[in-house]
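Structures are listed in the sections that come next.
Two complexes are shown next, each including subunit A; its partner changes from subunit B in the first to subunit C in the second.
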Partner chain A sequence: MSMSWLFFKKECLTFWRSRRALIMLVVFAALGILSPLMAKLTPEILKLSGATAALSALIPKADSAASWTQYYKNMSQIGLLVFAIVFGTSVSGELKDGTLINLVTKGLPRRAVILGKVALAILTWLGSVTLAFLISWAYTAYYFPDHKSPHLLAGLVALLVFGLLLSAVLIFGSSLGQNSAAGLLTGVGAYAGLAILNLFKSCQRFNPLSLLTDNMTLTTGGETLSHYTPAIVITIVATALLTWAAVRVLEEKRL
Partner chain B sequence: MHNSELFMEYLPFFIPLIILEVALMLTAVVHVLRHPHYRFGNKALWLAIVILFQLVGPVVYFVFGRGEKA
Partner chain C sequence: MTAALDLRGVTKQFGDHHVLRGLDLTVEPGQIFGFIGENGAGKTTTMRLILGLERPDAGTLQVFGQPVTFGRTPTNKLIGYLPDVPAFYGDLSAREYLRLCAAITSGDPADIAPLLHEVGLADDRRHIAGFSRGMKQRLGIAQALLGKPQLLICDEPTSALDPAGRNDFLALLSGLRGSLTIVLSTHILTDVERICDHVGILHDGVLQEQGPLADLKNKYAQAAIALTFATEAETATAAKILNVPATNTTTLTLPYTGEYAPAATQVMAALAQSGVAPLTFARVDPTLDQVFMEVIR
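And now, the complex of A and B:
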C-alpha cells in the first residue's frame, strides 16, 4: 500500500510539473465562464444578423436552461477532448520513455502504476468538472435568476460518474501500446460503440453514454437520476473491470 | 444597444477569461524560452503557436511539444 501511495504522490507531482494540471485548471475554468456567456450572446448574435419578427420568435431565450445546455455541451465536447488528450498518453508515454523500468525493478508492483494513474485521472475529472460547474453556476445564478433548471445536482452527478469510465478507458487504452495514439483511439472507439448502442431507445437506461448526453433532461427535471441507476451501476462495474484489465495488460508487457 | 455598452455589459465575462488566457500564454512562453529542446519544431515556431492561438496553443505545446526533461 505504501508503494502505491508513494507512486500516486509521484504521479501528482509529475502532473503538476508537466503543467498538465494547469492546462486542466485553465481550460475548465474558461469553459465555466464561456457557457453562460454563450447562452447570453446567442440571441444577441441572431438579432444582429438581421432576423425578422417571425424569425425572432424562434430564437431561443437566454435563460438558465440555455446556460446549462451550453455547459453540458462544452463539457462533453471540448472538456472531454482536452481530458482525453492530457490522459491519453498516461501509460504509453512512460512505456515509450522507459521511465517505469527503474521503479518496477526496485519493487514497485505494476498494479500500483495503473491504480495510481486511474486515481489521478478520476480525481482530475471530478475536480475540473466541479470547478467549471461552480463558475458556471455563479454566473448563471446572477444573470439568469429563474427556475428553469431546478435539479442542477442530478445533471452534475451523472457527468461526474461518467468520468470514472472515461478515466478507466483512457488508462486501459494507453497501456495497450507504446503508440501515443492508442489511448485516444480506444477512447474514440468506446465512444462510437456506446453512441451506436444509444440509438436503441431500450438501451438508453443502461448505457453509460446517457450520463454524458442526458444531463439537461436531468437538470430540467424531465427524468430523475434514479431512472439511470442501471447506467450508473454498469459504469462503475465497467470502470473496475477496465482497471483490472489494464493491470493484466501491463503485467504481461515488457517494459 | 451601442457596442461600447454591449462591451461593458459583458466585462464580467471578459476580464477573467482574458486573465486565464494570458496567464496560460505567459507560462507557456516562459517554458518555451527556458527549455530550448522540443520533441519537434523550433523556438520561433512554438512561440508563434503559443502566442497566436489562445488556450489551444499552450495546450498543444505542453502536451505534444515540450521536451522530455522537466
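And now, the complex of A and C:
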C-alpha cells in the first residue's frame, strides 16, 4: 500500500503541474455555472429569436428541474468526454514514453501504478463533479427558489458512483497498449455496450448506465436510490474487477 | 566467490528471430565488464532479461546467486540500471525524481544531494522537461547509483552524448572502479577500451569470447610498428628492405610479435644500413577493434 500511496502522490503532483487538473477544474466549474444559466436563458433566447407562440408553449418552464436536467446532461456529455480525454492515456502514455522502466526496475510493483492511477481518476471525478454540483446548486437556488428538485443528493450520488466504473474502464483500456486512443476507445465501447443493454427494460435496474441517465428521476423523487442498488453493487464490483484486470494486464506487459 | 552475474544457456526469440541462442555469461564482483556486439546482436535484450523486463525462453539468470524472475524480481534491489534513453517525468525536478526513486528503493534521501553534485546537477531547479540529452543521461546515472547498488548495468549509455559529455560520463564510471560491479553494454569499442577490464563479445546469439581485455588482445590482435616516409618511392624502398608488401601510400605497417624494443631496434638498424630515414616511427598497440573483427569473422 505504501508504494501505491507513493505513486499516487507522484500522480497528483504531475497531474497538477501538467495542467490537467486545471483543465478539469475550469471545465467542470464552467459546466456548473452554465447549467442553471442555460436553463434560465434558453426560454428568453427562444423568445428573442422570434419563436412562435406554439413553439414557446413547448419550451419547458425555467425552474430548478430544468437547471438540474441541464446539469446532468452536461455532466454525461461534455464532462464525461473531457474526463475520458484526460485519463484515457494515463497508462498508455507511460508505456509509450518508457517512464515506468526506471521505477519498476527499482522495485515499484506494477500493481501500485494501476492503483495510484485509478485512485487519482476516481478522486478527480468525485471532486470535479462535486465542484460543478455545488456551483450549480448555488446558482439554481438563486435563480429558481422552488421545490421541484427535492432529492438532489440521490441524483448526485448515482453520478458519482458511475464515475468509479468510468475511471476503472479508462485505466484498464489505457493499460492495453501504447496506443493513445486505447483508453478512449475502451470507454466508448463500454458506453455503447451498456447503452445497448439499457434498451432492455428488465436490465435497467442492474445497468450501471442508469446511474448516469436516470439522475433526474432520482432528483425529482420519481425513484429512490435504493431502487438502483443492484446497479450500484454491479458498478462497484465491476470497478474492482476492471482494476484487478488492469493490474494483470500491466504485470504481463513488456515495458 | 558468488558471481555478480551468471547466465546459463539463455535463449530468447521474438517471432522467428532468434536473438539469444544459449548465452553463457559470467561477471565476477568488482569487474568493469564491457559487453560488446554489433547493433541488434542482443545486448539490450540480455540487459532486459537480467532486469526481469523480459521472460527468457530457456536458461537461468542469477544476480549474486539469486535467481532472476520475470516481472518484479527481487534481484533488482541489487541493481542500478541506466537505459540507453532514460525516460523521466518531465514535470518533476531532478531532486524530486530522485526522492521518488529513493522512496521506492528505501534509500537514504540524504544521498541525493551528493549524487546530484557528483553528476553536476546540484544547482539545477528546472523541471526535467527542460533538460538536455546529456543532463538526462547524468540524471540517469544518478538514479542508477541511488541506493548504492552492487551491480550497475549501463545499456549504450554514451551513444547519444557529445564528446565532452561522453568523456565526463566515462570518467564518472571509471571513478566507480572497485566500489561496485559494472556491466557496460555498447558498440563503441573505444569506450570499452578506456574503462573496462573484462570483455565479452556477443555474436550470433552466443558469447563468442570472454575474458580480460589484455588477454583477448594478446590472443587475437597483433601489435605493429607504423612508419611514414616523405615519398612513395622511399616507402617502396623501405618495404623492400624490410621485406613487407609495398603500398601506394607513404605509410608502412609492420606487425611484430614479442617485445617492442628488439623489434623496433631491428627495423631501425635495417633502415639505417640502407640510408632510408622515416619521418615518423610509432608503436601501434593492438586494439579492441582488431579483437572484435577477429572474433566475429
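Everything below uses one rule, namely that the second predicted complex is superposed on the first by the 254 of 255 C-alpha atoms of A that agree within 3 Å, B and C clash if a C-alpha of one lies under 4 Å from a C-alpha of the other, contacts with A are read in each partner's own complex, and residues count from 1 in each chain.
Convention: a residue touches a chain if its C-beta (ideal position, glycine included) is under 8 Å from a C-beta of that chain, and two chains touch if they have at least 3 such contacts.
Keep in mind that this is a model prediction, so the values were computed, not measured.
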- Task: Name the contact category of A:Leu37: first (subunit B only), second (subunit C only), both, or neither.
- Result: first
- Touching A:Ile23, do we find subunit B (first), subunit C (second), both, or neither? first
- Query: Touching A:Pro145 in the superposition: subunit B (first), subunit C (second), both, neither?
  - Reply: neither
- When the two structures are overlaid on chain A, which partner does A:Asn102 contact: first (subunit B), second (subunit C), both, or neither? second
- Message: Considering only the contact definition stated at the top, list the common interface residues of subunit A for subunit B and subunit C.
- Response: 14, 17-18, 97
- Note on the structure: Contacts from subunit C onto subunit A in the complex sit at residues 51-54, 71-72, 76-77, 79, 81, 83, 85-89, 91-92, 96, 100-101, 103-105, 127, 140, 143, 147
- Query: Okay, in this complex, where on subunit A does subunit B touch?
  - Reply: 14, 17-20, 22-23, 26-27, 29-30, 33-34, 36-37, 40-41, 44, 82, 85-86, 89, 97, 139
- Mind pulling up the subunit A residues that touch subunit C in the complex? 3, 6, 10, 13-14, 17-18, 97-99, 101-110, 251, 254-255
- Query: Taking the complex as given, what residues does subunit B use to touch subunit A?
  - Reply: 6, 10, 12-13, 16-17, 20-21, 23-24, 27-28, 31, 55, 58-59, 62-63, 66, 68, 70
